[in-house]
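Common to both upcoming complexes is chain A, partnered first by chain B, then by chain C.
Let's turn to the complex of A and B:
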């Protein structure tokens, strides 16, 4: 099922949680809403679910306006950050809940319900645990039960609110890959909220980066990472170096290096370069920023090098972080105090506001 | 001496202080709680079992027991419904005047019961605000059962609501939201999710509320009029007998009240013992 969000605004008292948000989710898509806390990502998810209602704007499911429908009538599968399992009933009863509360006419028979519960337990890899209570399960198991419970009502959309946020790193990694596989098998439209960029980039088809109630960028994970549209996205997704620049006539001067910046107005600017997007060259090479090596950290095959760049625009020296594969810098002297040239493979300049 | 506890842990005091503190606590309990309780039963049976039985089967005593049970049977369910409703509203919704409502619920705790009884007399009594109208329509509230029930409800109102508000606030709304998202109606959500989550707090509140409803003296005393065999509850009957120097009968009825309190306590302990794991589990999450 496809979802369309049209011009949605939401305020909580004086706080503007969402400002004119527009978004389309394609049928069968796996979409991540990514942003820091307070960016409005959870509010957007809850508005899609019908747990919150937009002040203005519309939510469409397959072209039908569902803005006024309650969560009960939207028929979505919702998975909560802290599982929200019913702790007084068993795992099997939890999963069966959505079927058992149906009116008699549309309720499956006792046997059908039992069968479906067993199938779902199998699906979430917890066979034989139906008789346990939620308190007897680990965090990862609980979240899988919550997922099975949401899937039991055969929703057309699956919405997950920071589903792995409360789990430890290893379980989180396993579970998210498993979720992606599950999605590929079932093909159900899935939207999940996360503040973990690694999680979003790894498993989502498309990533929606949000900040302060506004969508900053929407795109395939790789594209959002490689071509951030705004300084915020650059900063939020992965490590980055911020280098002061001055722009004149469509050309930016970044610590002596001239780079094209056609769409940036004249005046101060900021150039962004990720640590791994520098090539280390011998000092004096054309097209590089000259600097002095301050520290070298060897971390397995990866070298993290801090380079001091005499800054043109700021009083103190700039420290630039560079990441390089060890075999890529053969023949260069990387001792402290050595002079090198940093040639950016990918550099973006934004106006400094 | 493997596994023997060592006494020089940072948080473990010397034996003198340990036994001293325990001794003080036990002595205090014995002096102010156990001794009076024992005294009630000793006095009740001071002249043997015959006079005790006579005192509690005498018609006025029986009618006092009956009235007390009726009052509790009306006021506890009413406070149950209102307490759950108030706690639900306060814990699950944000609305204007919420903190005022919480203060209002606490009012009966902070007002002397005598005052609350007096308020009803001033409202519904013969010289009261609504008195003439009530007389015209031949409705008796003050010096009758309705007044006693009203005063009891007023005094015992906070018990259930107070027990539930922190519990429901701590539990939040996500389980209810989960139930709704799975297609449950509001009513199904309440019966299948909310109520099971609060049942122990609710039960505890009901027990406390019931104990107080049966034992309430001040407010009931003001509105009852002390008509023997008609508007006397057990606590009032105890006082009347005592004032008539009928000590054995007075303590006999008092021992019945004390027994009710003990049964309440035992019931609570049994429930905690029987369902201890479940209670702890629901408190943990």
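Let's turn to the complex of A and C:
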């Protein structure tokens, strides 16, 4: 099922949680809402679910306006960060809940419900645990029960609010890959909220980066990472170096290096380069920023090098972080105090607001 | 350290096991067990047969039936309305909420005799409230030619017991309800459950342990209540005479052993009832935690 969000606004008292948000989710898509806390990502998810209502704007499911419908009637599967399982009933009863509360006319028979519960327990890889209580399960198992419970009502959309946020790193990694596989098997439209960029980039088809109630960028995970549309996205996704620049006539001067910046107005700017997007060259090479090595940290195959670059616009020396594979810098002397040239493979200049 | 304490004591970083346990036991003996022991001793003068003779006396039986029956009904009423009151106080915001919250505790603070006299005055046939239920009023005529008598009937006893037991249910349920996770309710709604079925299937089971505790406390308080009841009850033997009053009556007749015997019977019944409630509670919690 496709979801369309049209000009949604939401305020909580004086706080603007969402500002004119527009978004389309394609049927069968796996979409991540990514942003820091307070960016409005959870509010947006809850508005899609019907747990929260927009002040203005519409939510469409397959073209039908569902803005006025409550969560009860939207038929979505919702998974909460802290599982929200019913503690007083067994795992099997938890999963069956959505079927058992249906009015008699549309309720499946006892036997059908039992069969479906068994199938779902198999699906979430917890066969034989139907008789346990939620308190007897680990965090990862509980979240899988929560997922099975949400899937039991055969929703057309699956919404997950930081589903792995409360789990430890290893379980989180396993579970998110498993979720992606599950999604590929079932093809159900899935939207999940996360503040973990690694999680979003790894498993989502498309990533929506949000900040302060506004969508900053929407795109395939790789594209969002490689071509951030705004300084915020650059900063939020992965490490980055911020280099002051001055722009004149569509050309930016970044510590002596001239870079094309056609769409940036004249004046001060900021250039962004990720640490792994620098090539280290011998000092004096054309097309590089000259600097002095301050520190070298070897981390397995990766070298993390801090380079001091003489300041152009700021009082203190700039410290630039560079990441290089060890075999890529053969022939260069990487000792403290050695001079090198930093050649960016990918650099973007934004106006400094 | 002697070998016996060495075995009792689990190795633990929390200090003061022997000190606190010792003090607790001494305190319990002094305040609870010695008086109860003395009571048993006094009643023992009559022998088991003697106690049973008193217990099956018609007047005593009627009083016991009224005491426990009315207490049970009062605790049930408090269970229902206490839960509702706690719900309103936790879930909604309204002007005067703090005042309502404070009023709940008043039955604790008021001397019970004052409460009893007030209730008796209000609910007597010619009292403010009692007169509304008289035979000549519309409401009263619903209850037959004589109207509805509240004071000097078992109804009045239930009235007074409900009054003194009110705070228990509210105060035990309130914090549990306040801590109840909103996400759990949202989860139920997202699965298609109506408000009513969310309450019955999700919220109520979570409140049940606290509700049972509040019910048990209100019940226990009602069984032992004396001051607020005797004024409104009218104390007609076989009709509206409660067991605690009968004990006082026996004392006034210098029948100390007889008074102690009734007390022991009450004690035994209360103990069994509270034990059963506690066991139910344990069973329920073991199921949820395991």
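FYI, the second predicted complex is superposed on the first by the 353 of 353 C-alpha atoms of A that agree within 3 Å, B and C clash if a C-alpha of one lies under 4 Å from a C-alpha of the other, contacts with A are read in each partner's own complex, and residues count from 1 in each chain.
Assume contacts are C-beta pairs under 8 Å (C-beta built on N, C-alpha and C of every residue); 3 or more make two chains touch, one makes a residue touch a chain.
This one's a predicted model, so the numbers in the text were calculated from it and none came from an experiment.
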item	value
Combined model on chain A where chain B meets chain C, clash or fit	clash
Which of chain B and chain C A:296 touches, first, second, both or neither	neither
First, second, both or neither for A:334, with chain B first and chain C second	neither
Touching partner for A:153 - first (chain B), second (chain C), both, neither	both
First (chain B), second (chain C), both or neither touched by A:102	both
Chain B and chain C footprints on chain A, overlapping residues	49, 51, 70-72, 75-78, 80, 82, 84-89, 97-98, 101-102, 133, 135, 146, 149-150, 152-153
List of chain B residues in touch with chain A within their complex	174-175, 177-185, 188, 192-193, 196-197, 278, 281-282, 284-285
Residues of chain A defined as touching chain C within the complex	49, 51, 70-72, 75-78, 80, 82, 84-89, 97-98, 101-102, 133, 135-136, 146, 149-150, 152-153
Contacting residues of chain A [partner chain B, same complex]	49-51, 70-72, 75-78, 80, 82, 84-89, 97-98, 101-102, 133-135, 146, 149-150, 152-153
Chain C - residues contacting chain A, complex	181, 183-184, 186-194, 197, 201-202, 205-206, 287-290
